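Several structures are given next for inspection.
One chain, subunit A, links the two complexes that follow: it is found with subunit B in the first and with subunit C in the second.
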Partner chain A sequence: MAHQAHAYHMVDPSPWPLTGAIAALLLTSGTAVWFHFHSLTLLTMGNILLLLTMYQWWRDIIREGTFQGHHTPPVQKGLRYGMILFITSEVFFFLGFFWAFYHSSLAPTPELGGCWPPTGIITLDPFEVPLLNTAVLLASGVTVTWAHHSIMEGERKQAIQSLTLTILLGFYFTFLQGMEYYEAPFTIADGVYGSTFFVATGFHGLHVIIGSTFLAVCLLRQVQYHFTSEHHFGFEAAAWYWHFVDVVWLFLYVSIYWWGS
Partner chain B sequence: MAAFGRISQTLLRSSLIQTRQLSATAAHGHGEQTARTWKILSFVVALPGVAVCMLNMYLKMQHHAAHHVEPEFVPYSHLRIRSKRFPWGDGNKSLFHNPEVNALPDVSFLNSLVTGPHSPNRLLFYSIMFTSVHLPQGTQC
Partner chain C sequence: MADEGWWRVVFRPLIIHLCFRPEGEMAARLLLRSAVRAATTCRAAPVPALTRGMAVGGIPTDEEQATGLEKIVMKAAQQGADPYSMLKPKEYAGSKADPHLVPSITTKRIVGCVCEEDNTAVVWFWLHQGDAQRCPSCGSHYKLVPHELPH
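On to the complex of A and B.
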């Protein structure tokens, strides 16, 4: 039986990077086809392939780490770097939308009425639902920290409770934001105000849904005894991502909802 | 009452950020106690903070329902832009369209429009576009 003389993980050949790339091609071309030719075929195929890729790739990582022991300390360190770099790239992604917002709002053009918010735009009251959303996300940051310490201290039941509470708060945020989107007196087509508002908050909402899903997977894994008090990087990555989502919201709230109103 | 909610929430927010920073640096400090600390914070600070904001919202909505004044509608040309149809439905409604609060531009003929430089509807299209919706030159739909 062969043994490796190092602590690193030489990953077995996998088809999922290829299926992921094909999914990306189908999604991009599918979106263009949908916009111009009103056909949803490519887009649907892309979505199905994307979901299958994500499910199987991450399932394999869990098998390699939790069941086969490949995630030694140096490997875990690499995974940490990876998650930090990914979140950093996401920060830059949002920076672009904040740049767009400030570009348009700091020097409003004559077409908008020379003012911000533009003439005719009825803004949302920052101290109604947006404030509640802020409280919800901040509270979820507290509960996810409770979850982390519970896992570290081997408190299984508390970990499950706090993680569930965090996910419920995440769902509540999404629900409230959906309601806000429906009740808003302006739409994405209402000039640059609508564009910057819905693109920035929309991508943020998508990230809340992604973060909630990540945490839900962690909950399932916690229930199935995957995490130990010393080794639970999947959860840590989810918690980092969740804090990132919270911080982005705080910037959105202060810039677009509060200052921009 | 609403102002109280606002002030307490601002205090809440700053204290929460401070406590989170404290915990990040002292992740393994106080060993067994830390989970309990965060549990207490969750139920005594975080969730009541959410409840206060929910109450604040409920009171504000009641106030709005009693004193709501409908603003006068002006069909500004820099709003309700339709340079390209939405890829769903009749192409005129946004994804979260709410008939009660979202006015639609008068482009009902857009569906029957034949695009192209020699379209018979082109002049009609441009004349109405000019008055109701701003359209940059040379836009294809």
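On to the complex of A and C.
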């Protein structure tokens, strides 16, 4: 019952962009209020509204694509462009923090002792937990590729197994990194070393959590038969994001953990 | 599938909890049964061999599960049709014998003629059904042809 002469998707009116904008307002103002007046009310409201917005917006996209069939080839192509552009923007986001790190570490100021690592900083041994973390993420890159091939080959059991393994590896990374943060001999307040280390690795860790969540949603969808062997873009987007997270870690490991130690 | 022992014990209860479509497993068995029956009894009409899909590995194919506009586009493409003009338009000489054929869902459509390659001034005109019309600038022939939308 198509009244349109094109294959694109003219989306039905939706309240989620508005609730998302309101959530952004509550989060920003809420952060400022928290800093100055010690009240968490606005911030909490903003977080709840953000979570509700994300859940309902993406649920609607799944309904439109998987259940209603609106994701024709041109629509899917647009979604691919969108995800690639978003990941590119995230690359630039991390580039900023790498710039900050190299700015401070390539020409260490006299206040730091003119050296890098700065005087007094006990760095983490790059060949201990950080190396394990590297292995964990690289392995998760393999398992997510295994999951993709399983889906394309139509192997349900293997797809579920490999996707679950990928998510578990992601959780293991987060757990290990959490332990490292707890045990680290320096803090975020320890000069520019602490700032660059924790902001860069901290945002990376947040992206690992986001990526793991995205993959977990894909696992739920795979179990519920949403994906076909030809059409499973949600999974591909999650896999692209996961590979991006892995690559950022490799740059972090080489720059901050290894060269910077 | 000899290696599924430990996997079944550890993951199956978890997956069943998460799985909201237990009838999917049932559907897979029924589909397999009917496919086997069709393959063995129905010799007159050739049955496509099932190499993938719900009955084989448990992941549906687009053939089995596509719906809505995606399914319409897929079915049309299998027949060689392009009802939603997703592909590049065909090329014509533009002469009286071989006019540009312009598909339209109504009785007229706007045409923009780029008479020569890299021209920046596009010549716009309405093309009506009936005899072929000529571009007022370069004289290329255009003919409106009816375009059927699936419905």
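Keep in mind that, in the parts below, the second predicted complex is superposed on the first by the 259 of 261 C-alpha atoms of A that agree within 3 Å, B and C clash if a C-alpha of one lies under 4 Å from a C-alpha of the other, contacts with A are read in each partner's own complex, and residues count from 1 in each chain.
Keep in mind that, in the parts below, contacts are C-beta pairs under 8 Å (C-beta built on N, C-alpha and C of every residue); 3 or more make two chains touch, one makes a residue touch a chain.
Please read these numbers as outputs of a predicted model, since none were measured by experiment.
Once both complexes are superposed on subunit A, the partners subunit B and subunit C fit side by side without clashing.
In the superposed model, A:190 makes contact with subunit B only, not with subunit C.
Once the two complexes are overlaid on the shared chain, A:42 sits clear of subunit B and of subunit C alike.
Of the two partner chains placed by the overlay, subunit B and subunit C both lie in contact with A:153. When the shared chain is aligned, subunit C comes close enough to touch A:71, but subunit B does not. By the touch criterion stated above, A:142 is placed in contact with subunit B alone, subunit C being left untouched. Comparing subunit C and subunit B on the residues of subunit A they touch gives the larger count to B.
After the chain A superposition, the centres of subunit B and subunit C are separated by 160° when viewed from the C-alpha centre of subunit A, nearest 10. Legend: residue contacts after superposition of the two complexes on their common chain; A:218 is shown touching neither subunit B nor subunit C. Of the two partner chains, subunit B is the only one touched by A:111; subunit C is not. In this overlay, which is a superposition and not a single complex, subunit B and subunit C have their closest Cα atoms 10 Å apart. 153, 155 are the residues of subunit A that lie in the contact sets of both subunit B and subunit C, per the superposition on chain A.
Residues 34-35, 38, 111-113, 118-122, 125, 127-129, 131-132, 134-136, 138-139, 141-143, 145-146, 149-150, 152-153, 155, 158, 162, 165, 169, 178, 181-191, 194 of subunit A touch subunit B in their complex. Residues of subunit C touching subunit A in their complex: 1, 4, 7, 11, 15, 18-21, 24, 52-53, 56-62, 64-73, 84-86, 105, 147, 149-151. In the complex of the two chains, the subunit B residues touching subunit A come out as 2, 6, 9, 12-13, 16, 19-20, 23, 27-28, 31-32, 34-35, 37-39, 41-42, 45-47, 49-50, 52-54, 56-57, 60-61, 71, 74, 76, 78-82, 87, 94-98, 101-102, 134.
Across the complex, subunit A meets subunit C through its residues 1-2, 4-7, 67-74, 151, 153-157, 159-161, 164, 220, 223-225, 227-231.
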